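Following: one structure in structure tokens, then a few remarks.
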Amino acid sequence: METAMLSVENLTKTYQTVGGFWGHSRHPVTAVHEVSFSIRPGEALGLIGESGSGKSTLARLMIGLERPTRGRVFISGTDIGTLTRRTVRALRREVQIVFQNPYTALDPLMTIGASIEEPIIHFTVSSKAERQRQVSGLLHDVGLAERFSHAYPYQLSGGERQRACIARAIALRPKFLICDEVVSSLDKSVQVQVLDLLKNLKQQYGLTYLFISHDLAVVNYLCDRVAVMRRGEIVELGGRQEVLFHPSHPYTQALMAATSYFLKDISGETRRT
Amino acid sequence: MAIDRALELDISRVPATPGAETLMAFCRHRLAMAGLFGLVALTVLSMLGPSVVGHDPAATDIQAIYAAPSSSHLLGTDQLGRDLLARLLYGGRVSLLVGLMATLLATMIGCTYGILSGMLPKWFEYPMMQLLDALHAIPVILLVIVSDVFGESSLMKMVLVIGLASWMGIARMARTECRRLMEIDFVKGAIMAGASPLRLVFRHLLPNMFAPLIVVITVGVGQAILLESTLSFLNMGVPATVPSWGNLLGNGMSSVLGGAWWIVVFPGLMIVLTVLSMNLVGDGLRDLIDPKNRRIC
Amino acid sequence: MTQTPLLSLSDLKSYYDSAAGTIRAVDGVSLDLYAGEILGIVGESGSGKSTLSLSLLGLLDPPGRIAGGELWFQGEDLLALDESGWQNIRGKKIGMIFQSPEGSFNPISTIGQQIAEALQAHRTLSRREAEAEAEMALALVRMPQPREIFERYPFELSLGMCQRASLALALSLHPAVLIADEPTASLDIVSQAAMASLFLELQATHNLSLIIISHDLGLVRTIADRVVVMHAGKIVEEGPSDQVLEAPRHPYTQGLVSSELRLDR
């Protein structure tokens, strides 16, 4: 059996909420509870769940932006909990993330070019001209014209900003990319374009995806396998066809029923899948 | 919302060129230029002051006690017949220096403290904020009295005392902004992009917290000048023999009752002018840093 | 159709003035809404649909302005109204709900109190009467336990529940028309479906007249009787929603429909 690109074992994250006048009433809130799964190289795993289900916390645990309360995260077989500060930095070259809201994911005071250049500056030794060449290559790869390099985020549309964020995330040629609700703040008509871009990049760069979304249609479009998360736990995990079209867990069934509510036939009847 | 949207669609088709436009934009910002002109003028006049006016600020003239503004004494004289204009310009050296230097000091301490407490793990933050509240509660006067232990009052000590007494507001603002920014995706993105803590501070956090900070800072300059005035008025500031705007104001208080309004009005006006100029420059800098305003204003 | 429309726009123009020139956000839009009808306005962001909804509610603030056209509601010329005239219309006769339900409520007061206060502000009601009506409004939007929701604070409700409460707030004054700007965009899919079926139910039982503004073709297809497609401030296509959204004729609408992600395709 080949090593998993990424796997998590019994991952749990508990937050302490502090309340009361003296900050005395503390009670724990479990955001992620005993989650285990693994992702094979080159695979796209979809993670479905509504807001507050813990999927964004899970993403932050997986890239080391937060530390788990319990459990372990392995990337290419390495337990990232055992890494020192320096080796965590090395991890950043392999694992990157694209955030949900392209309006807050880019520094408003930096040009798009400077934002994309940032990871290259930090991780490689290269001349200014070399970096510029890389930035224009990346812009080309994500379907943005070269002159966007000098533009500021506010001058771009949501779709264009998200493309810029993707360019920045793939600048270091990572193997694994976490997409946290990357299309949910975009117009439906722009969503497909961004998803097509991600599909192409997967081919071109041989990327592995963890694709987080609340939208079943989006996950269906891009993913090979699907996990369904609810209240911090994974309730169903399996192949795309199986989970989406023959769901076994009541929660997945409810999601699917709600989604198909909006799939009306020309005759006006609600279609059941 | 809609207008933003409409504007950005429109402008995004215009290719942007970085660099030179920044300076151009500041020069086009008329109010900022006016503010800058005001500050430079005040500084230059204070430097050259006494020699330009042709009166010695310390020279008394028994013939002209409480002389109203006239061609020989443009702004009149005080109770010892000293030329007010000369004293005002000379006093500007003290007041501007104290105002600007003390605020600079306060900004440096405040930003460092605020950003540290915003970036360090949460359990550091709580005691740091408690300490800040405690420091805020210490009356400035107490600080001044304690500082008397360390020797004669001097300009340098004045800067130190006022700077140490006024950084807390800036620190609180810096911490709040820092916490807010740390939660925003682009800061997390910068961490993911491998940015070191220092780069995070100087490239991402400080520029993005400039807009709210500059307001506090410019107000701070005015407050520092006034604080110096207050302390001088209470004989706790610069030695009473050295004219500063505060000293002039203080000395003039009793004279107003005798009808010599100019002794108070002109120093007051100078303070207002300085604060106003600072505010205009601050506004200009804030607009300058925001790329959205560069092309529109 | 011989029936007179409830709300009628003809050649409405809403412009924004800026240093960069005039932006024609809504550029000559004509449409009619009839009683008991659900009309969908579809478009991408930047198409002018949100500006249109602000114009319908008299909420277009400078630098925006209405540059021309007519806007009639129940025989009244709305464009001739001043702000106090609008206050008699807005909320009372033309209700509204927006994308984020939290914005409709004051976080430090209970849901029921706020609906009751809104009622008392517009009509002379005793406190008890207002509270009873508020509870009825909550029941109207199919709140499972209206009495219990009445006592809750906004933060204690899920987004879906909160949006439903804001619908109750909007409907409590019995407006003739409801304008909903992306009412489901911030909700999870299960709440979206519940909200959509609620709109359909209210149309059937209470003859609700609704203008629904959304970029979600699935939502509009499911609940709207008629749809207009907006692009760059103009209406590019209109007609029965099944026809327009299943077999569009205009190339722009065709592009929109073909880029829609659907599980059944």
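Just a few scattered comments:
Order as written gives the chain letters A, B and C; numbering starts at 1 within each chain.
Simple rule for what comes next: contacts are C-beta pairs under 8 Å (C-beta built on N, C-alpha and C of every residue); 3 or more make two chains touch, one makes a residue touch a chain.
Note that the structure is predicted; figures quoted are calculated from it, not measured.
Listed here as common contacts of subunit B and subunit C: A.
Put simply, the chain farthest from subunit A by mean CA position is B. Centroids of subunit B and subunit C (each the mean of its C-alpha atoms) stand 49 Å apart.
Here the CA centre of subunit A is 45 Å from the CA centre of subunit B. As a whole-number value, the distance joining the C-alpha centres of subunit A and subunit C reads 33 Å.
Contact with two or more other chains is made by residues 45-46 of subunit C. In subunit A, the positions touching at least two other chains are 157. Counting only residues that touch two or more partner chains, subunit B has 9, 11. Against subunit C, in their complex, subunit A makes its touches with residues 50-51, 157-158, 187-193, 195, 214-218, 220-221, 244, 254-255, 257-264, 266, 268, 271, 273. Put simply, subunit A touches subunit B in their complex at residues 63, 65, 89, 92, 96-97, 99-101, 104-111, 115, 118-119, 122-123, 147, 150-152, 154-157, 160, 165, 168-169, 171. Of all residues in subunit B, those touching subunit A in their complex are 4, 8-9, 11-12, 15-18, 184-186, 188-196, 199, 203-204, 207-208, 289-292. On the subunit C side of its complex with subunit A, the touching residues are 44-46, 159, 188-190, 192-194, 196-197, 215-219, 221-222, 242, 246-247, 255-256, 259-264.
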